[in-house]
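Structures given as structure tokens follow.
Consider the two complexes below, in which chain A is the common component and chain B and chain C are the respective partners.
What follows is the complex of A and B.
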């Protein structure tokens, strides 16, 4: 079985946590919290910490098993399988929508004339190739892509500094803390997307007990990095556009990219950043695809590539036949808020709680 | 029975080192390979070839014994044989009392112990050993009616001397290159690594060529797994003849359908020696003036020996130029096509107008223009490569100046496209190894098509497919993009994009984890 190194785990965690959230984060948090939206990022991402801790606490007791198999052992075969199947369906469907949203981003900005299905097939091709290459290659992909995406974000932030209006940030907390918490709640499902991916990733983590400690520390490092990056991205947008315009622009970062100008040689390098955003998009789409197939493999005991091909076809059909434009963003927000967040919270709490209860019963 | 299309395709997708390649029908002499030596049978089989010489002579010991010296003309040192074998047994030793005591029973031992003053003499008993030794250039002394023989090392054929490297020129490094003689090549390595831990393991490959192959490695530096894997893959190779070591590459590499080379060829002993010290394995093949090195990683193909002889600050500049050159060689036409076709907003207005003006009269799209020019470039490169030097230069001039200029004047291509393709061609020459450069030429065309149809998005798709392919490649189990991914931070910072000064390197900045070559990276 393929195993990730602790460094690969960190990069994969950071890459999946970030995904393409930086594209829409500014818009979503400022809609709820206005100019204080940047404060919402940290509490939103910290919400996932207790749940990752619960997952990590199960690893030593159930080595080399994902949360689906652990659920079967803890909650019973049928309930475990039902939860596993739900997990797989959510991951595959959301992954398809995620690819669709990425493609919508291109259609609306740099490539308005390229047919929707061509872009979807392009993203799906990379996703499948990543799947066929294995989890180790996905982790290496994250090792290469995540630093590039970070550099691109920082590059935009640095080159947009001349357009900053610091006054846009003040007065701070004019409407109290409630809008910030509301904004945090709006984006709180994002880290739970990663938590669900982690639920499937468990068998591929380093097996040595000392590595688990390193993994826990590295998870916090990756989380801190993503919080800082996302906060910077939101801050930059608010300072450049002001809170009202930031809330209005769905893909504010793309507009920012268009405003970057280096001397008189290159202007509006939004299209160049497409190369990096495609990497971030496919990394996260592939993570969902991997997680979906892992779940199905655990539930039905599938092996080989045939099942992956069938799932792959479904994965492509979701964005091809589904909605386009803002509808996708809205649908994703609904799934995030009403399916992913509650499912992840309930599933993990249930497995962890029942396991704890069983162990206490045994020890009594 | 003829194989079906599907079974042929299945064969093609099998890893080459996991199967026996061919089965050959055995000749009559093959079947007698393990039999006791019979001079009459050997003479019958070999005397049909004009270069094989049998010299009969009599030894008068206690009894009269007929001896035969068998050699391949051209492969042995005749002076040495005359002086140290024939002259002694026919003239000088005849007065020795022990000589006169020789009988059919003890002649082989007596000759080996007392009357053959060559430095390498061996007693053999089997047909195969005798034939192998003769054809490899040794002299074999047969005794009529005896089932034993002596192999006397007297190899001596015309060889090319140790010349300067032709393909891997160096400004400050040693100026020696390998030649076609195996022992010369091993001696060039041994002269650099004078330590008993340097192991040279011999084997033969090729059903008919019987080519000598040597596996070289430094014990305790190399992973035993890698050495075992090299031996296993070499043992699996079953072909008629290894005409050159490069033939083995396709049998040995992990991914034979990849455009990227997974084995490094070098004609420089210093590169082989440094690779061995870094824990790699060298495969030296008789008759080949280059040595194969495994396992390798992509950054190795961007390094040259002068990087280690020049001062570190200079190397940072030179290496970065090389990496930029490689990037331009891969991307320049695709970027130009994507920008002019889809993303004109990237260009300042004056530049955009200038490009549009120059392309006004051309009938093709940017993709069509680039394809036309690139195909012309490839044809010129291939045409000029194997021509004699003066004609090759003429072809270059004709191609670059006359055809390029005429194409612009005829409005077939724009002047900017000529600049882009020219820059691409020149940048390609900054890649030190031909096998990588040609791989890059192969991936340039699909990238151009993707850029011409989907702009930066298509280019991104193509680049990510290549990246994923590279991330999945392994060379004898070692990840090909190591130390970038999986990250080996010290090697990445000290000897990948830049090289740290020698004094700052507390340990060798190994590009691969030699102890655990299959590991996922930094633990």
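What follows is the complex of A and C.
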């Protein structure tokens, strides 16, 4: 079995945590919290910490097993399988929607005429290639893509400074902390997307106990990096557009990219950035695809490439036959809020809680 | 960690072939070559002759065929189309033009005065929505029609839109009118208490405004002053002094010339650096806003100075000049505030400034804003620092005259 190095784990964690959240984060948090929206990023991402800690606490007890298999052992075969199947379906469906979101992103900005299927097939092709090459290649892909995405975001943040509007961040907390918490709640499903991916990734983590410690530390490093990066992205949007405009723009970051002017001739280089955003999108879509197949393999005991091909076809058909444009954005928000967040919270709490209860019963 | 097995040569060759073939079939840019594109430089929008229609003027730059070598000259191609919807006018133009319009190069949007008075927010919808346009485009209100402005060939520019762009970007060196980008306009529009301001431009002929052109039939475009908008409608133009006052209060003065006058002494100073801050504080036993303006300047011209001064007298003279310049700044600021109170439109953003500094107080007064602006105390504290007076100390004067008039006449 392939295993990730601690560095690969960190990059993969950071890449999947970030995903393409930076595209819509500004709009979502400012809709709820106005100019204080940037404060919502940290509490939202920190919400996943206890659940990640619960997952990590199960690793030494159930080595080389993902959460689906652990569920079967802790909760019983059928309940475990039912949860595992739900996990797989959510991952595959959501991963497919991600590719659709990429089309929406392209169609609104640099390539409005690009056919739906071109981008979906492009993203899917890379995803299949990554899957067939294994988790280590996905991690290496993250090692390449994530730093590029970070650099692109920081590049925009720096070169948009001349367009900052004065005083847009003030007054701070004019309406109290409640809108900030409400905004945090709106984006809180995002880190849980990663938590679900982590549930499937467990068997590929380094096996040595000392590595597990490093992995826990590295998870916090990646989380801190994503919180800082996402907060900067939201701050920059509020300072450039003001809260009202930030909330009005669907993909504020794409508009920022469009506004970067280094000189009269070097302007309108948003197409360059879009390449990086596609990388981030593919990374996250692939992560969901991996997790979906891992889940099915654990539930049904599939092995080999045939099952992956069947799942792959379904993975392509979801965005091809599903909704487009704003429908996808809305659908993803609903799935995030009403399926991913409650499912992740309940599943992890249940497995961890029952396992803890069983161990206590044994020790009594 | 397992090492991945090496791919056989055939597989590698297949991948290389696929990539090479992809290069041939993936053309990019929507199958349009660059020479098939028409690069739009500026857009003008006026009210159309038909009720509810718009007259959209499109200015395209096309490279002038040259004999080779050197830089490519550009010539303009401008045409206007009338239609009820802005976006469809572009389509109409495409029906008679063999090139595809590319709007990513538009730098200036000129709005005709008539349309501005009717309302521009609906008109701007297309420009803030369609992906090719950028929020960094400059907005300009034409005194008169946008079409005329964009058809005015000036002595310095073949393409009027580029001429306007040059004037606007030159404003970085001389802050005499506000610079409003589309993005800034939309941001101000999103503030509940502030009115947007857009600079105005007009066509002048030889003799207008004291400007004489070598070609008496020629025209020039001049940008000065600004229009104040309420709900997207142009309400009024600010005068020269009011515009400059607004720029001081908005901390937008970078460099410019300032004239001060007292008795027979006239001084022109160039502002090198300035900073405007503000505080919400008690003014005449009532909470108000006080602007603190600091400016450093150099004297460029002195009229009415007589006699020769020693170095010490010269230092004293510079100190006496500073309040004169501070007074000039104050007059400009007061003019802007007076206009804001008269129009009952908060284009200076006083309400927003109160909200930033004292949100509780703003909550109390915002329901009565901008009507409350009329009685709202506004004060100024202006500090001018004259660094130097250029290359010479005294004005040109003969020694005899200086002796006969004496040094007592220096300080008028």
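Here is the rule we use: the second predicted complex is superposed on the first by the 363 of 364 C-alpha atoms of A that agree within 3 Å, B and C clash if a C-alpha of one lies under 4 Å from a C-alpha of the other, contacts with A are read in each partner's own complex, and residues count from 1 in each chain.
As a working rule, a residue touches a chain if its C-beta (ideal position, glycine included) is under 8 Å from a C-beta of that chain, and two chains touch if they have at least 3 such contacts.
Remember, predicted model here, so these are calculated numbers, not experimental data.
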{"item": "Clash or fit, chain B versus chain C on superposed chain A", "value": "clash"}
{"item": "Greater chain A contact set [chain C / chain B]", "value": "B"}
{"item": "Touched partner set for A:275, first chain B, second chain C, both or neither", "value": "first"}
{"item": "Partner chain in contact with A:7 - chain B first, chain C second, else both or neither", "value": "first"}
{"item": "Touched partner set for A:106, first chain B, second chain C, both or neither", "value": "first"}
{"item": "Which of chain B and chain C A:119 touches, first, second, both or neither", "value": "first"}
{"item": "Contacts of A:133 with chain B and chain C, given as first, second, both or neither", "value": "both"}
{"item": "Which of chain B and chain C A:143 touches, first, second, both or neither", "value": "first"}
{"item": "First (chain B), second (chain C), both or neither touched by A:163", "value": "second"}
{"item": "Which of chain B and chain C A:211 touches, first, second, both or neither", "value": "first"}
{"item": "Which of chain B and chain C A:171 touches, first, second, both or neither", "value": "second"}
{"item": "Set intersection of chain A contacts, chain C complex versus chain B complex", "value": "2-3, 5, 110-111, 133-134, 136-137, 258, 267-268"}
{"item": "Chain B contact footprint on chain A (complex, rising order)", "value": "2-8, 106, 110-111, 114, 118-119, 122-123, 125-126, 129-130, 133-134, 136-137, 139-141, 143-144, 206, 211, 258, 264-272, 274-275, 278-279, 282"}
{"item": "Touching residues (chain side chain C, partner chain A) in the complex", "value": "1-2, 4, 30, 104, 131, 134-136, 181, 183-184, 186-187, 189-191, 251, 352-353, 355-356, 359"}
{"item": "Chain A-touching residues of chain B, taken from the complex the two chains share", "value": "342-343, 345-348, 454-461, 463-465, 467-469, 471-472, 479, 481, 484-487, 519-523"}
{"item": "Chain C-touching residues of chain A, taken from the complex the two chains share", "value": "2-3, 5, 108-113, 133-134, 136-137, 163, 165-168, 170-171, 174, 240-245, 248, 255, 258-259, 261, 267-268"}
